[in-house]
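Next come two complexes, and both contain chain A; in the first it sits with chain B, in the second with chain C.
Coming up: the complex of A and B.
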């Protein structure tokens, strides 16, 4: 069988199992979707009140609405919880049998990641379509070129967030606090990735620090592509270059952490 | 024939953090961490031929599982080398992993919320098993292990014994020639233990598989293994047949007696050490070399209804072997 067929079947089987397990926990799916909607809706509520009938940093009420609906969707499409799973595998010894199989455990995490993204983003899309049917402000213009750029930016952001989460989870080889590090990362990301406010509204010092890091490329850049007005080539070039550079850096960090971590692996039990 | 499994001077050291008890100890460890090196496995060497079933024995923390994990390519040895199925486990990659199965009695690969068959399907995709082969193997393993009514129930609804049988089936679908089993009968009831032993024996006979297993149950060892490796505090103390170990370690034999009327403990004590006396049953311990002669004298001197000469319980022999290793260590 061709390698493509082998990998298609592997990913098909892993994603299928992830969905079958999901169906056993329907209540938790509802909770996760609520969580995915609540945060941007609260942020929107606050900025809606602040903006009033005017504009803040160039954002009027409708712009905020479009921005935070964009955050909701792009976040669901790029989110990565894999560090929690990996941390558990390493600390509780569930990595053992995974290491004895002819499949890097990264693929299982990636398949799970794709499975919950399809589920989460699918539901968010329904929420958005329902909102758009009654609220013109959150409708998007039909623009295939823009959407193609957005798809690419979302794919790169999703890959980067996956490797960030997976690599942070690998820190469990060294510390029992890997998930706390991920929490810290998520906390910083609330501000620097544009989750609670568009980057244009951050204090200039904070915004310039953010530009030096990977955070804006995780979320804000694809959201602005999706909802923003202008698609200048300078903006596209800088955005995609930043995404690619940081993705390469995080993949390198993953490879290093995986190789070193395995050598260090104590494996539970003696 | 080349060995299926070979270990040469295999060693593994772990560096563990040492911490004094209490809050002060915790704070001190934060600023000045101290480490201690635990030598889990020390220069262990052995070879296992294809088709052999070998039991790895040792008390908790002796280094059995650590050795198994090095052989399976999970742990990186601190020193020494291994060859398993012709590969270095650490660098053998997928080709090596297709040739082994690792079953850990206290960890399961079955997906908890789904029927075992779903995990089998996943393994079919991971190991790239053709559909027809897969169906035939599931049927075969299901027959051997008695899983017909079990495979479509969610794993969480299965008994421990059923789970372990499914676990073994999942691990053997790709038909590996080498099996590493860590406590495969842990916590199972007697009939489930027996079923698993019969299955492993049948699997070996059918496919010539090499099996290295650890267990705390001596029945696993006596029923399955032609050879034992005894390890304690990381050192290999014994490598050979179980019977030879008994002959070497056990310096005594047990005479199990059913006595006629009127025999007192005092009269019996003339012939050896009375280990138990509950008329009409008694157990007498005598030096190994004198067992036959003492039996003859007993039969001539006392009214004996029945007499059998036994080795001491295998658990006692193993305990003595561990103790001998411990003393050598001090």
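Coming up: the complex of A and C.
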């Protein structure tokens, strides 16, 4: 079999497996959807009140509505719980038998990740379509070129968030507070990734600091592409360049943490 | 069984937990840093909103900070008592461990609610009240004794209301056994209590006042403290708290009747 066929079969099996496990907890889908919806809805509610009949930093009520629906969807498509999973594997020793398999555990995490994303994003999409059928403000213009760019940006953002989450989870080799570090990262991301507000509304200094870090490329950039930033080639170029540079950096960080961590892990166990 | 019996049980549980938690003092620092970080991000978020407005739902900046202090106080009670106690109910229903609780000669709801207490999270209560106090100073408002009394009553009612919401949520586990992580639902909804309820559009406001009454847990006590609402609101809050408690009691009995345990 060609390598492509081998990997397709492997991933097919792992994703099906993850999907079937998830299906046993169907009722939890409702929980995770609510969890993914409330934070943007509350932010939208507050900005809705602040905007009133005017506009804040170029955003009127309808723009805020589109922006936060975009946040909801892109977040569901790029979310990564891997640091929690990895933290548990390392602390409770579940990593041991995974290391004995002829496949890097990263692939299992990636398959899980894809499975719950399909489920989460699928349900958010249904929520959005239902909202759009009664609320014209959240409808998007039909624009296949834009959607192609958005798909690429979302894929890169998802890859970035996966490696950030996975690498942070690997810190469990050294500390028992790896998930606390991830929550710290999420707290900073509230502002710098554009979860509480579009980046244009942050104080200019904070916004320019954000541009130097990976946060805006995880969420704000794809959301702005989706909800109607003008598609200038300069903006696209800078956005995608930022995504690719930071993705490469985080993959390098993952490789380093994985190599060093395994040496350390072996030392404890053996 | 005299009225003192339940109090003695709670007292014994608290003593046990204190003895246990004192062994893990590093958790104190971690919990303190976590709370300070959380308060920091909450204040920055507020600051961000107030860069673009002067009032939020008719509230000034420091009034909303008072509310944030109340939010943190109630969250402290949730993290210290509710999450480690009643929050474990869903998994115990699934595993059948609830049998061990029911077998004891104490009121099961009492035992489930108080058996585990995360002592260090009470620092959140202290920090929350301090934040509210500081914001009052910045507002240049000294509450009268009556306002403080009204605030304390409203705060006690707030604790009853969040307790009722937790019991109601956790009771869902008796009907839908496979629901894994019910507390997530609370965390998601409770986010809405960080801001005055008057800031939300009508539909959300309706949800927060009547359906999931989290408005009563922060907006009302904060209003009582800043004098935005008269002391009479405390009577309303007390009524809502008492009603919430009676409903949970009934719900608990109903839920237990459905429970047959893993072994039974």
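Please note the rule applied: the second predicted complex is superposed on the first by the 264 of 270 C-alpha atoms of A that agree within 3 Å, B and C clash if a C-alpha of one lies under 4 Å from a C-alpha of the other, contacts with A are read in each partner's own complex, and residues count from 1 in each chain.
Assume contacts are C-beta pairs under 8 Å (C-beta built on N, C-alpha and C of every residue); 3 or more make two chains touch, one makes a residue touch a chain.
Being a predicted model, the structure only gives us computed values, none of them experimental.
With chain A as the common reference for superposition, the partners chain B and chain C occupy compatible, non-clashing space. Shared-chain residue A:81: touches no atom of chain B or chain C. When the shared chain is aligned, no partner comes close enough to touch A:128: not chain B, not chain C. When the two structures are aligned on the shared chain, A:265 is found in touch with chain B, with no touch to chain C.
By the touch criterion defined above, A:6 reaches chain B but does not reach chain C. In the superposition on chain A, contact is made by A:202 with chain C only, not with chain B. By the document's definition of touching, of the two partners only chain C reaches A:35; chain B does not. In the superposition on chain A, A:103 contacts chain B only, with no contact to chain C.
By the touch criterion defined above, A:254 reaches neither chain B nor chain C. Looking at the shared chain after the overlay, A:214 reaches neither chain B nor chain C. With chain A used as the common frame, the shortest Cα distance separating chain B from chain C works out to 6 Å. Within chain A, the residues touched by chain B in the first complex and by chain C in the second are 24-25. By the touch criterion given at the top, residues 24-28, 31-32, 34-35, 37-39, 41-42, 45-50, 56-57, 177, 180, 184, 187, 190-191, 196-197, 201-203 of chain A touch chain C in their complex.
Contacts from chain B toward chain A in the complex involve residues 14, 40, 60-61, 63, 65-66, 69, 72-76, 93-95, 97-98, 100-104, 106-109, 111, 113-114, 118-119, 121-128. Considering their complex, residues 30, 34, 37-38, 41, 44-45, 48-49, 51-53, 56-57, 176, 178-182, 184-185, 187-189, 191-192, 194-195, 199-201, 204 of chain C touch chain A.
Per the touch definition, chain A reaches chain B in the complex via residues 1, 6, 9-10, 12-14, 17, 20-21, 24-25, 93-94, 96-103, 262-263, 265-267, 269-270.
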